[in-house]
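Okay, got some structures for you below.
Same chain, two partners: chain A is paired with chain B first, then with chain C.
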Partner chain A sequence: MSIVTVQLGQCGNQIGHEVFCCLCSDIRGTHGLCSKKENQSYQDACKERFFWEEESGVPVARAVLVDMEPKVISQTLSMAARSGCWKYNNQSHFCQKQGSGNNWANGYSVHGPRHKESIMDLVQREAERCDRLGGFFTIMSMAGGTGSGLGAFVTQCLRDAFPASFILNHVIWPYGTGEVIVQNYNSVLTLSHLYRSSDALLVHENDVIHKICAQLMNIKQISFRDVNQVIAHQLGSVFQPVHPAEGGSNYSRNPLGDLMETLVPHPEFKMLGLRNIPQIPENSLPYSTFSWPGLIKHLRQMLIANAQMEEGIDWQVRPPPPGSSTPSSHSTKKPLHFNTSIANLVILRGKDVHSVDLGSFQDPSLYTSWLKPQDAFNAWRTPRAFNKYEKSASLVSNSQFLLKPLDSVVGKAWNMFASKAYIHQYTKFGIEEEDFLDSFTTLEQVISSYTTL
Partner chain B sequence: MAGSVLCPRAARTGGTSSGTSRDPGHPGRQAGSPQCSLPAGRRRRSGRDGRKGSAGRAGSGGGMRGRQRVQHQEHREHREYREHREYREHREHREHREHREHRERGRALSAAAGALCRALPPRARPAPDTLRRARFDRPQASLDFWRLLYALLKQIHGGKWTESDAIGNLPLWDRRNKGHNNQIGFVKSALWYHGYDRPELYQLPADGSAGSRELLLAFSWMLHRLDLLEQLLARNRVRTGDETSVCTCEDDLPNIQKGTPETTPECGLEDRVDVRYLQWLNGRLRFQWQSLHAQHQEQCKLLHKIHLFTSGSRVDQVLGHFSVTETDLVRQPENYKQLLQLLESETMQLEAFLEWKQLEPVYWQWMETVLDNMAEEGNMCKSQDTHVEKRRLPKLTSCCPWADNLTGQIDRLSRDLMTLQDQLHKLVAHRKAAWCEKVKAREEELQKEGFSATARKIQERVELKLLDLTRLCAPKKYKMHGLYRLVLRSEHPASKMGFGQCVSKEPVSAVSATEVIRELRMREASLQRELEQLREECRHRLDAIAEGLDGVICISP
Partner chain C sequence: MTQSVVVQVGQCGNQVGCRFWDLALREHAAVNKKGIYDEALSSFFRNVDTRSGSDGPGIYKGKICSLKARALLIDMEEGVVNEILQGPLRDMFDSKQLITDVSGSGNNWAVGHKLYGCQYRENIVEKLRKTAEHCDCLQCFFIIHSMGGGTGSGLGTFVLNLLEDEFPEVYRFVTSVYPSGEDDVITSPYNSVLAMKELNEHADCVLPVENESLFDIVNKINQMINSGKLGSTVKQNSLVTSSTGSVKTLQEKPFDAMNNIVANLLLNLTSSARFEGSLNMDLNEISMNLVPFPRLHYLVSSLTPLYTLADVNVPSRRLDQMFSDAFSRDHQLIQADPKHSLYLACALLVRGNVQVSDLRRNIERLKPSLHFVSWNQEGWKTGLCSVPPVGHSHSLLALANNTCVKPTFIELKERFMKLYKKKAHLHHYLQIDGMEQSCFSEAVSSLSDLIEEYNELDVTKGGPRTDPSRLKIAV
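Then we have the complex of A and B:
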């Protein structure tokens, strides 16, 4: 089954390109560390999922590229074609001559409806090419103009056109000290609209990835390309084929569906955070070895203490002792900084995965009171190593990871809104104050739901 | 020579060359002889007797008169003796025939029982002996019979066959085994659901130790009433892989597939469940449904590909392409053994079924005797059993908890329907009267302002509404339900794509896919309208509740 990727805006297109590069290099590599048969079915599954075969034999990515400016798209297309390993379909892109100037309302109310038909036409063609449509994966940034406004509109159109499909939005959280003044407005509007139409929001924070690049990967001059590559690696570790939770020798044919079912069935809790361990520079890889118990211990503490990477984890944070959480407990009863989860998914790739003990993740004190660990926790495994890492573990978590960033963004946006700053830019294009208020209430609801876990 | 040969007198008197010495003029001689006084049928024996008679005659002495008297007497004795012998031989012959018939019937019965057992599916196949033992109410047969009924009913209701259901899996002596009781409970509730009315069955002990004759009765009832064999044969056909299930019924009554007692969920013992957990489960259900939808679409797509790529492989008028099973066989010929086994087993069942159909009357006659026996015994012990089992329903609730609920609902429904009907009548009469008055009042006004135009508009609207109603109430031409086989047909041989047609398993009806799609779309539209209506109602109710709450702002999702 196949996933159709929709790359929106500059950010979306660049990240999307890196993702496909990463996937391609992973399946072509000889570092599988598993049997040939296993490797073969892994490759087949990945190819079916993300690519289709052209007559020349070059895999073509199942993607639709959307941007208001032609520059980024043409760059992306040419870079992909130059690689020789894969390429984009030359017809599956849509761009205009001019950008939307970081204006959310322009993207949502003007460009969206105007170009809806052409964009949806491209998407429809990609969807029909799939034997089995496994869902949509959209990549966008939250705070920019084109990506966010148009992206919110496109997600809505996707939901209208494919009511029974899975839609996963990958959202880039802007830098806290970002350059765009109205980025908080954009973020609030984007998030609230996405919450309505999509099934899950997978978030990557620019600040976090930046730190990973600086501290873990030892990159001196961090460029967007580095950030995007880290993001692509983390996404790849989630989306590459895995065996389903019940076991079985075939790779799962419903990745998005399985993901949704394990993590976001509740309509109020859709924010997903992603942690990946280990992250080390590529040239250090041959000299490093890891042990599963160590990796799992670090990953668990990253979850509990809301750490973003495996350095600088606060080991003092402990789960609350059993018996202290009652159904009506407030967050004050739990120790501060403790991250309560609703549901967690751990994905293990590499050597000896089947012997890994994940009992520490099934501790009921990690989870909220109304969900038992057997419902809340799932693990997927595959013996095939990913991207040259002999052992790697990823955690996709529906928890209070994003509570603080969300709270801060909403708070800042509200302060600006209270003084009506820059609102005219939006009302010019049809986004009224009412819409702002609606968005605020939606996000306040989300914040409060996550706070009272 | 010159005279006519045909003239008898001439022939007689004429001294012809034939020279007959026989005197045809004395026919009386033949008639007079004692041998000829007997009817023709006994002439053979009379020949023998005649010999005896003549011997006797030869042996008896005396004068002519005396000899004649003796002869007469002897003739009479002989006649009586003969008659006696004939009677005896007839009786023997009859007994012989009856005995033979009895043996034949016994053979026919065992043939019928054997055919019946062979026509049942492999997992639910009893030994013909079980039937015989049950007829005599042997307790050993009851357990086997419970298992048999369980297996049959489970198959009818489409249940999945699990490990614990295997016949013979449960030990005989483990009476308190939970699985045991669940199976018996299931059989009882299923029979009740189908309308089996005999209270003696429901009073049978739950450990399965007695009552094989009752079970035999129930089994035969099922055979007849539920078309058991036909259903099972239809269910167990070898699949072609091209089937799809279609249902255009408007039935939304819950069926037994969802309510089997053995699958009751073990909910937590706390009475309260967090509503968020329920929302979680609801969301999971929705996602699983979406995955199923995607899978189904994939299957359709691939099936279409198979049909398209293999069209032209057959010379048949109706079916021009391979089915999935056949295509699979072409790709992996070494799997033919399994398919062959399945087909052989099915053929054997079908042949047994045909045999059974011919021998069926024997079986039913036999069942009548069983019933007669039971009736006799019932009369004898009814005097002993003074308790009239009016408590049948409470007994049943133990094995089917929704039983009294269902009857209560039915009673309520019928009562509601009656009151509704009365109310409707009254309302209609009332409305009619009011409208007549209104119309009269308005008529004068409207006369002035173009009454005809408004009248026409009103008429059109009314017609539309009536059309809607009639469409809702009209009985459907055909209700499709069950498995149908998909056949790809091209309209013209030259065109690339055909439109898919459905051919049902019965050779009678073939339905085109476009018609089915149209029906389903109409049904979808009407369900959507209903959903909207229900949502509106919920919204109104929520608003009413929200107004009652102070200091609360309700945010709709």
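Then we have the complex of A and C:
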């Protein structure tokens, strides 16, 4: 099954480009560490999922590029073409001349309706090119105007036009200390709208990735390209072909569907966090070895203690003793820092994956009581190594990972809203105070739901 | 890609404008080696086929035939505009872009606004329409003028009004040169306050500039060059005040150095809209992020570095110094100290070899020493443009919406009241058709209201922060 990627705004397009680069370089790599047959199967599955082939044999990404101003898209298209390994379809992009000005209302209420037909037309064409459509993957930031506002509108259109398809929104959480002054407004409006149309929101926080670049990857002068490459690696580690839980030798035919099934049992809980280990500088890779028990132990503690990366984990945090967690209580007995999960998915890639013991992730005390632990936890594996890492483990988690950031963004936005600052910029384009209030209400509800897990 | 049109009004406006076009050409020449008319060029220039007179291999990928500035030059006396038309930039402008008269406005806002405004209205509208028609997607008008005189101040604000009526969707950014205390034009307080009312009501963003600050910066640079104590030489073309490498390398006029600073301000402001970068900042984003309430749209600007030393290696300490300087009092383009006043919002537009980690590190470093308003504690807007200005490897433009503009406005009001109480020179204004005493009282009241808005914000500075309580959801 194929996935159609929709890249929205500057951030979406810059990240999308890095993702396809990463996928391509992974399948061309000779560090598969598995049998030739396995490798071939992997390559074929990846290609079907993300690319179609031109006559010349060059893979063409199944993607639609959308932006309201032309600079980024033209850069993205030319960088891809120059790589020689893959490219974008020259027709599959839509841009205008003047951007959205960081204004969510401009993106949603003005650009959205105005360009709906053209954009959906491009999406339809990519969808028709797929033998079997597995769903949509949109990449956007919350802070700006196009990715956030137009992105929310496009997601709604996707839902209307493809009611049976899966939609996964990849959302970039901006740096806490401002990239855009009205980013909290834009974020609140985006999240509340996406919550209605999307199946799940997969979140990456700039602050977290920045720390990974600084502390784990040892990059001195971190550029957005560095940040985007780490994000691309993490996304690749989730979306590259993998054998689903039931075993069998076939790669999963329905990646997005499988993801939703395992992680989103209830529509009120759609926020997914992503962790990937190990992350080390590329030139250290040949000299480093990892053991699965070590990796799994770290990953589990990262989950429990809500650690952002494998350094600086708080090992003091422990799951609550059995018998102390009751479903609808306000969890006063649970240790405050403990991260309760609804569902978790671990993806293992590389050497000796089938021998790995993941029992520690099935501990019922990690989860709410709604699902049986064997349903709340899933593991997917492939012996095919990913992106030169001999062993790589990813965790996609529907848990309280994003509770604090969400609460923080809503708090700051509310603080600003109380003073009515910048509101005139939004009402100018048709987003009124009631719309803000609706969004705040939706998100307070989400916060409350996640808090009382 | 969008286009912008520059409307330069009055002597000051045209002299600054002239420097802007000169330096813009220099900047594009440095980047555009192949002589192709590209999108970046088209934001301020048209490509005209001189034989047919119409737009040539206009768009992109065609070779440059003849570049015409997207500008309107307006002056009610001929001296300055004539000089431009006889100078090396003459080919950039054609007669269809000029509006001149002979006798000037006599430093009288009323003459500029009411008399000439009325007289030239149709002419101006027609020429504006023509310029707009040559634009694919017109985003912004830049008005350059001074506040203290008659033409720039009066006719300039008349044009501002006109732009709002005729092109309501297009942004209006105004660069206003405010008079200093020892201004030799006696009526400059009247002219300025009358103009302020117009700026309050019709501009999207105003970038005030004071001659005193420009003068101080020029002096600072001259001292540095003449002292020679650092032992290294300064790259001549990197001076924020220099015209080196531009078309006009002859006789530098006395105000040229100061005007170059303002020209560089405009170039840096629009750099991210013209050139690529990892985090673009377009003009509409500036207005969106820096104007929390419609009337509070006065932005204090600062440019760093003022010069680059000739040695190539730039350790990150020097980079950090650039950020610190942007917040220091002597780099601001008006006599103000933003560090000790209250920030409503702040934008940092970085050009050249600077990455997001440098930005973040410096924001973290400088934040504790700055006061931000309670509802915008993290109020930073950032932009990264890959193309540095000529002669530099990196540069920073800081735009602050800060209550430090208040003293400038209060002083202006005081100078106004000093004259107004004695009714000095009032008759020169009132004898103009359409001018009444109420124009004065309304103008000063508009200014007072503005000052009051800043006062209310200042009061909250340093006070205890009580965040509003959040919405309660029924569980």
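Basically, the second predicted complex is superposed on the first by the 452 of 453 C-alpha atoms of A that agree within 3 Å, B and C clash if a C-alpha of one lies under 4 Å from a C-alpha of the other, contacts with A are read in each partner's own complex, and residues count from 1 in each chain.
Here is the rule we use: a contact is a pair of C-beta atoms (placed from the backbone, for glycine too) under 8 Å apart; a residue touches a chain by one contact, two chains touch by 3 or more.
Here the structure is a predicted model, which means the values were calculated and not measured.
Following the overlay on chain A, a side-by-side fit with no clash is recorded for the pair chain B and chain C. Measured by the number of chain A residues touched, the leading partner among chain B and chain C is C. By the document's definition of touching, of the two partners only chain C reaches A:Gln75; chain B does not. Using the contact criterion defined above for the overlaid structures, shared-chain residue A:Ser165 touches chain B, although it does not reach chain C. Using the contact criterion defined above for the overlaid structures, shared-chain residue A:Gln14 touches chain C, although it does not reach chain B.
Touch criterion met: A:Phe224 reaches chain C, while chain B stays clear of it. By the document's definition of touching, neither partner reaches A:Cys157: not chain B, not chain C.
Seen from the CA centre of chain A, chain B and chain C lie at an angle of 140° in the overlaid model, rounded to the nearest 10. Shared-chain residue A:Leu133: touches chain B; no touch with chain C.
By the touch criterion stated above, A:Met260 is placed in contact with chain B alone, chain C being left untouched.
Contact with both chain B and chain C is seen for A:Gln445 once the two complexes are overlaid on the shared chain. Note on the superposed arrangement: chain B and chain C approach each other to a least C-alpha distance of 6 Å. Contacts of chain A with chain B, set against its contacts with chain C after fitting on chain A, overlap at residues 441, 445. Against chain C, the residues of chain A that register as touching in their complex are 10, 14, 69-72, 75, 97-103, 145, 175-182, 210, 213-214, 219-225, 227, 410-412, 414-416, 418-422, 424-425, 440-441, 444-445, 448, 452.
Residues of chain B that touch chain A in their complex: 274, 276-277, 279-284, 286-288, 290-291, 293-295, 297-298, 301-302, 555, 557.
Chain C contributes residues 1-2, 39, 136-137, 139, 276, 278-280, 282, 284-285, 287-294, 316, 344-345, 347, 355-358, 360, 363-364, 367, 374-382, 384, 467-468, 470-473, 475 to its touches with chain A in the complex.
Interface residues of chain A, counted against chain B in their complex, comprise 1, 131-134, 164-166, 199, 254, 257, 260-261, 264-268, 327, 369-371, 375, 441-442, 445.
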